[in-house]
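The structures come next, written out as structure tokens.
In the two assemblies presented below, subunit A is common to both, partnered first by subunit B and then by subunit C.
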Partner chain A sequence: MDNASVNADTLPSPDQLEKGQSLWLDAWHRLYKNKMALAGAMFIGSMVLLCFIGPFFLEKSYSDQDLSQALKAPSAEYWLGTDHLGRDQFSRILFGGRISFLVALAATIVSLFIGVLYGTVSGYLGGKIDVLMMRIIDTLYALPFTIFVILLMVFAKDLGDSVETWLREGLGWDTDIALQWNLFLLFGAIGVVEWLTMARIVRGQVLNLRRQEFIEACQSLGLSTRRIIVRHMIPNVLGPVIVYTTLTIPAIMLLEAFLSFLGLGVQPPMSSWGLLIKDGAEQMEESSWMLLYPGVIFALTLFSLNFLGDGLRDALDPKTSKD
Partner chain B sequence: MPLLDVNDLTTYFHTRNGVVRAVDGVSFQVEKGETLGIVGESGSGKSVTCMSMLGLIPQPPGRIERGTANFDGTDLLHCSQKELQTIRGRRIAMIFQDPMTSLNPYLRIEDQLIEPLLIHGLADKKSARQQALAMLDAVGIQDAASRIRGYPHEFSGGMRQRVMIAMALITKPDVLIADEPTTALDVTVQAQILELIKKEQQELGTAVILITHDLGVVSGFCDRINVMYGGKIVESGSTSDIFYNPQHPYNRALQNSIPAMQAKGKELYTIPGMPPDMSRPSAGCSFAPRCEHATDLCTSEPPELQDIGQAHTTACLRVQRENLKP
Partner chain C sequence: MQTIPVLLTVATLTFFLLRLAPGGPFDDEKVVSKEILAAINEHYGLDKPLLTQYFEYMGGLIKGDLGPSFKYPNRTVNELIAEAFPVSMELGFYSIMVALMLGLGIGLIASIRPNTVTDYVPSSLAMTGICLPTFVLGPLLILIFSIHLQWFNASGWHFQSDKILPALTLGGFYAAYIARLTRGGMLEILSQDFIRTARAKGASELRVVLFHALKGGVFPVISFLGPAVAGLIAGSFVIETIFHIPGLGRFFVQSAFNRDYTLVLGTVLFYSFLIIILNLVVDILLVLLNPKLKFES
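Entry: the complex of A and B
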């Protein structure tokens, strides 16, 4: 056999050589091989699309009541049945998903922003400032978190009402901000408590990085502190941050569902998955579909997010690298 | 005037277990284009000496207690952070021990190579890229034009060290500090890396400070050698003086413990005892507890470096008083 031709076949083409594979691309390939994570990502992707675009194509809105059609089992007209007020379950599930994803996204962004900033500053400055900043986090951790959120929601609810009256009477605005007020509060309240772990993770990473030789090498090359943080620190902490974020989203969705279940979160006639499950639980003996469908969809979404998070962790953690 | 004149450099670390005197009154000079070796065992203060000069000591717990380091009219130990940043990387560059962790894993080799040129305003992006390519080729990376777009994990340890050397030398610095550049590499690659540093040094006229604990490495490489022990220089001289005319008992013991010098089958010579605890200063010579020639004088009176020959200094009281012959 001709040796030269074998070599030409096995050698990568010049195009491949020139590019070089970044660790991000590497991670993507590892994620791509992880079928569960990929399936999870696809499920979440289609769920998000469905929830945000779907309602525009439905005839029945999530709030349209038809008491004559109350508690109907799934049929050709009502794909997933109706609830006790005759509202279309399918439409409510899609709309509820929208709220659930929004809450998760907004709260995650809040926690990401505060957490990454706080953690980086604490870890990079070090010394006494670091000690102080970490003790503040410890103190906040020690607060009974659920009670904290409940108190916040209860007090802030009155605040929402007074803001609405003030807007109506003082400025003459025709507004129903009190209805959405809860939603904004929910974003804030969850985000404000969820950033603690993020800050700790980022701080740990930064502490670790600060003593890495390439950071020292950067210093010895005369780079400024800001350039070191922006160009060399942040890309290196991004991996764990992404992983933790994907694992935070399901936790927040669960929290939102829990609060809505307790009647503290999203208020009717709006809908969220937690609220639907709560309504379903009240009717589950006669109309099991009211609990079944939102429950199954919620569970599947959480599963998918967790699989995706696990997959991302495996993909982004260089120690699990197989090649 | 020497290019770099370090005088009485003293760096202490203030830890919970007391003050660690990592570098204790070290003075030396580096002339333009020469090669200075700093040898000593682990913890003798070799690296801390050089890190102190570049302001790379973590503070706290570290603190530069006193001393000066004059580099071309600037005192490195007392100038502003801004001034230091314009010198670091541009006029004094450094290579680190472990090439596996001294490159940022998320940036292309090219982006890391051109960074020193860009931040010091020495070139625009386009010409920086050309220089980076030329430099990468010069340090012996084959097929540099395609490898330059690669990432650090696609390079072997020896190649990464070559990249580090290219990165350090791309700004044509006056001084290159090589902190154990070959320790993490296997023996065949070690020689190549040293040859490469030598070659680049001759081309660019850079002075090199080579920190190592490997006597074999310094012997063929350096013009002058400082032997450090317990945060102090105990003997300083030309390479031939240090190797063929060792005076200080520590230096003699070091020469004796080179395995290649010993008869096959014989038990290898080791220096008895342990390195000194740097947080507990001794009144006399820090090597005295391990020295076979130590007298009462050695444990009570601190020795100073003194000339004992042409550009050959030692810090052994007994050698200085000429009652100890090798």
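Entry: the complex of A and C
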């Protein structure tokens, strides 16, 4: 963010330098005042830390089965109980969170990359190319995308299975590539779906900015195109992009959990929050903790991410704040 | 219009995606001799070259024929959709009703006195609804109302009371979203000059909200209804699975697992058609409500 310090020596006057910083400082002050957004950020932060570091300190791994301990209620030994195969739920939730966050992060990066590139090109070139590129987006919008992701996942499962059998029988490898293949496709499939809105937002911003007077002023002052883009366009596009990115992450976590719930996403014995909720829903009559804990943690995470996203939107982009 | 090219794209994409998948629809059958498998493949035309199959399918499609199902012997896809869709439509209708009634109500209450208790409580309720995914809310409602309180059956689609929990679950998210949209839309309208004029004329607060502001305030809600339909369809996959409802959503998920090519293709096309048509209806509705839009676009 702080590119002001990087090219500070190339700047003509200190006035501009301060102006560049104040956007982010202002945003930070506004965010700091929004207690819900801050609480959300704190929850997400501790959840991420817990999910990524926590499993190293646990004795029981997410996949250790002990059928004699199946469906035990939460206790001192099993903090959040055990599942129908006697696996420690606490460890499964942490590991599942890791997978859910990773899927969300990877898919968001994919969608960010495609969306920003497509949007910038479309907005910057303008004219007929812009019309054509936006027409394509409109057409893609009309497609029932969740349905396509489902098809893609079925397809991916088949492909992963046959690659695995081929490796095992043909080359004698002992691999579980199908699992990783599946996860990899999950990133791809979700990312490919979610870039459309990002592209629209970026294009709108770029188009808007090109017509703004301060850009014209920069041009007439003789600033180089690179300088205009780096110093004046990007900071202005960045706000909405950051905001939309924070709102994409919960959307993608939701989609991942949705797919895993239907049995099309992350495959057992791996763990993900969607998968845990699915198992929980099947066992809820005797062991409600299997549904409650993953469900509540998942909902709280979505809740926090949405609050953080809204807070960021209000902080970075007070004019377009929706409510 | 865009309808035909979009449908053609969907049909082509889905067709080749399914056919390129390594598994065949009859791979899972219990051991059958090669001759029988060949006969089955011949019966369904699967032995012909891929392009021939594609053009034959497209030929049938023009006449509205979606072909025979691979997994339900002697049934056509048209029959299966005609049987399952009304159930999904009923569920969808109830859910939209739940969403509109709860959503508009909660949103209106929240918008009347912004940033007070009567705003915070409904607004947080709406936020909770948005963050509780259907596949968490559904099992939770079953746990509370079916297993503990025993008010409703946990699953099935036989009695009128069986329809309450699924409709609440599916409508819940949309109710929450509509509440937020209504609140946002109403706040924008309520701050405009013509509302001040109405108040200055001495119109009661109720009249101002219900007669003057509501029409403009629900505008975002109506434009949301188009995308909401696509979401309701996706939601129905989960709801119909959780509550064991014999609707099209469950059929679709099962047929995707079974590789019942023609049923998957038919359902995808049917859904796409539905989404496109309903989006069109929403667009027309928007222009009817706000003639300004006609000139802008």
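Simple rule for what comes next: the second predicted complex is superposed on the first by the 274 of 323 C-alpha atoms of A that agree within 3 Å, B and C clash if a C-alpha of one lies under 4 Å from a C-alpha of the other, contacts with A are read in each partner's own complex, and residues count from 1 in each chain.
The rule is simple: contacts are C-beta pairs under 8 Å (C-beta built on N, C-alpha and C of every residue); 3 or more make two chains touch, one makes a residue touch a chain.
A quick note: this is a predicted structure, and the numbers were derived from the prediction, not measured.
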{"item": "Larger contact residue set on subunit A - subunit B or subunit C", "value": "C"}
{"item": "First, second, both or neither for A:Phe261, with subunit B first and subunit C second", "value": "second"}
{"item": "Partner chain(s) touched by A:Glu59 [first = subunit B, second = subunit C, both, neither]", "value": "neither"}
{"item": "Touched partner set for A:Glu213, first subunit B, second subunit C, both or neither", "value": "first"}
{"item": "Touching partner for A:Ser224 - first (subunit B), second (subunit C), both, neither", "value": "first"}
{"item": "Touched partner set for A:Glu169, first subunit B, second subunit C, both or neither", "value": "neither"}
{"item": "Touching partner for A:Asp158 - first (subunit B), second (subunit C), both, neither", "value": "second"}
{"item": "On subunit A, the residue positions that both subunit B and subunit C contact, one per complex", "value": "none"}
{"item": "List of subunit A residues in touch with subunit B within their complex", "value": "14, 17-24, 127, 212-214, 216-224, 227, 231-232, 235-236, 318"}
{"item": "Of subunit C, residues touching subunit A in the complex", "value": "2, 5-6, 9-10, 13-14, 17-18, 20-23, 127-128, 130-133, 135-136, 138-140, 142-143, 147, 180, 183-184, 187, 230, 233-234, 237-238, 241-242, 252-253, 256-257, 259, 264, 268, 271-272, 275-276, 279"}
{"item": "Contact footprint of subunit C on subunit A as seen in their complex", "value": "138-139, 142-148, 150-152, 154-155, 158-159, 161-162, 250, 254, 257-258, 261-264, 274, 277-278, 280-281, 284-285, 288, 291, 295, 298-300, 302-303, 306-307, 322-323"}
{"item": "Subunit A-facing residues of subunit B, complex", "value": "54, 56, 60, 84-90, 93-94, 96-98, 101-109, 115-116, 119-120, 143, 145-147, 149-151, 153-154, 164, 167-168"}
